[in-house]
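One chain, subunit A, appears in both complexes that follow, with subunit B as partner in the first and subunit C in the second.
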Partner chain A sequence: MSKIKVNDESQEVTFPLTVTGLIKLNNVLQPDMVSVQLNGEFLERQDFETTELKEGDEIDFLYFMGGGC
Partner chain B sequence: MDFTGEQIERYSRHILLQDIGVEGQEKILNGKVLVIGAGGLGAPILLYLAAAGVGTLGVIDGDVVDLSNLQRQVIHFTPDVGKPKVESAKEKINQINPDVKVVTYHEFFTAENAFDIIQDYDFIVDGTDNFPVKFLINDACVLAGKPFSHGGILRFDGQTLTHLPGTACYRCAFHSPPPPNAVPTCSQAGVLGAIAGMLGTIQAAEVLKYLTGAGDLLTNRLLTFNAKTMNFRTVNLKPNKKCPVCGEHPTITELVESEQAVCELKSK
Partner chain C sequence: MIKIPQHIIDGIIAQAKAELPNEACGLLTGLGDTVQKQYPLTNVDHSPEHFSFDPREQFQVLKSARAEGQKIIANYHSHPATPARPSEEDKRLAFDPNVSYLIVSLAAEQPVVKAFSLVDGDLIPNEILVV
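On to the complex of A and B.
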């Protein structure tokens, strides 16, 4: 098991693991709608499938919130 | 500017603050702030900015008050149902603070009117309820070099960021609007009324900090919270080189109305 950080919380995962895999692992509600930051850089959606995570990576999932009225 | 005795008393709790003082209060009284949307977020934003004495408050909203709004849109009262939101908001602002000049726009914020309206203001606040307009506000402010506060709420969650020219914008993080109906709105999924107050007052505090120069703004940071856990978190952001509006090779150089906005306006 290796450690990464997801939304500031430590998570133990098994490599190899892509960003798409991590999204599935975390049961992200709307996987097509999540914005992903990897070590402070935003990833393009088309790269989720091919981006391999490594020990110590920090991932932020950001979600759309469209309300206000 | 000379304060009247009444003003010194009214604003005494601001004047007492070392970071604001008489000078800061004067900046607030000279401030011009546009609030887009007089709904769940707009209500607390407007109430607090009015109480704080922001000199000119612009309010734009094409809607009328609906009974289902009253669960969270605390600037509107039961007898206001059916009244244009901008009129209802103006009445309350005038009652809270006669120092405030209110400019109302009973229309929606669109690609056509965006630049004309924002040019008169120092700071813009997003209190809207749909993605096309949130992206439109972002693009208009980035292209016009105007600072603004983004806010979004849904169910038990809220998030906000403040943009100043050169700092990360909404598109840096969220690129482009989700397809229509891909992400539910508050009217589809619901929202805890008090969430609007929680996020709206954070946005109002950012406006007052911006006007007075007090503290550190939520620039290059996205604040998110969940009211079920009451966990607050700030995610550090940096300007995205690939951002379509503020990146190195922008593809958005003028304002375009997206499909969804047009549909939603037509259905209203």
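On to the complex of A and C.
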């Protein structure tokens, strides 16, 4: 098991693991509506599937926010 | 319940008025259920009827909040000409059950601010305590 930080909390994971895999692993309710930051850098959605995580990575998920009146 | 200082409520209303005719939006950070800081964000839709956050700005707020030992505990947006109640679009695009959703309405002469929480896919009223 390896350690990464997800939303500022330590999490043990098994590599290889992509960002898409991590989103599934964390049971994110609406994965299509999540934005991702990896080690402080914004990650484009098209890169979720191909970005491999590594030991010590810090990843943040945020839900898209929008609406209308 | 969410506790919000009066000066932050005043700040949200001021931003909503300043960004008319478009909807205004932003994030609130703090500790527990108490708001401590307002972060006005860009409505990238630039629309009187819709709003969307800029995800990069959201992450900047997250970074600032963490640096101050705070968390994002609420978001807000304005309804320039309709009541302070969640629209169908607001409900459809609400995904985070861990934060409060504030709406400020400028439809009447006196602005109205209300809070809601996401429960079972619906936005239900949440009490605001002004502190």
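Throughout what follows, the second predicted complex is superposed on the first by the 66 of 69 C-alpha atoms of A that agree within 3 Å, B and C clash if a C-alpha of one lies under 4 Å from a C-alpha of the other, contacts with A are read in each partner's own complex, and residues count from 1 in each chain.
Keep this in mind: contacts are C-beta pairs under 8 Å (C-beta built on N, C-alpha and C of every residue); 3 or more make two chains touch, one makes a residue touch a chain.
Quick caveat: nothing in here was measured; it's all calculated off a predicted structure.
Of the two partner chains, both subunit B and subunit C are touched by A:Q30. Applying the stated contact rule after C-alpha superposition, one finds that A:E44 touches subunit B and leaves subunit C untouched. Legend: residue contacts after superposition of the two complexes on their common chain; A:F64 is shown touching both subunit B and subunit C.
Once the two complexes are overlaid on the shared chain, A:D8 sits against subunit B and subunit C alike. Overlap of the subunit B and subunit C interfaces on subunit A: residues 8, 30, 33, 35, 37, 40, 42, 60, 62-69. Across the complex, subunit B is touched by residues 7-8, 30, 32-33, 35, 37, 40, 42, 44, 60, 62-69 of subunit A. Contacts from subunit A toward subunit C in the complex involve residues 8, 29-30, 33, 35, 37, 40, 42, 60, 62-69. Across the complex, subunit C meets subunit A through its residues 23, 25, 45, 47-53, 55-56, 58-59, 62-63, 66, 75, 77, 79-82, 86-87, 89-90, 93-96.
For subunit B in complex with subunit A, the touching residues are 37, 39-42, 63, 69, 73, 126-131, 134, 151-154, 157-159, 172-175, 178, 182-183, 185-187, 191, 196, 222, 224, 233, 235-238, 240, 242.
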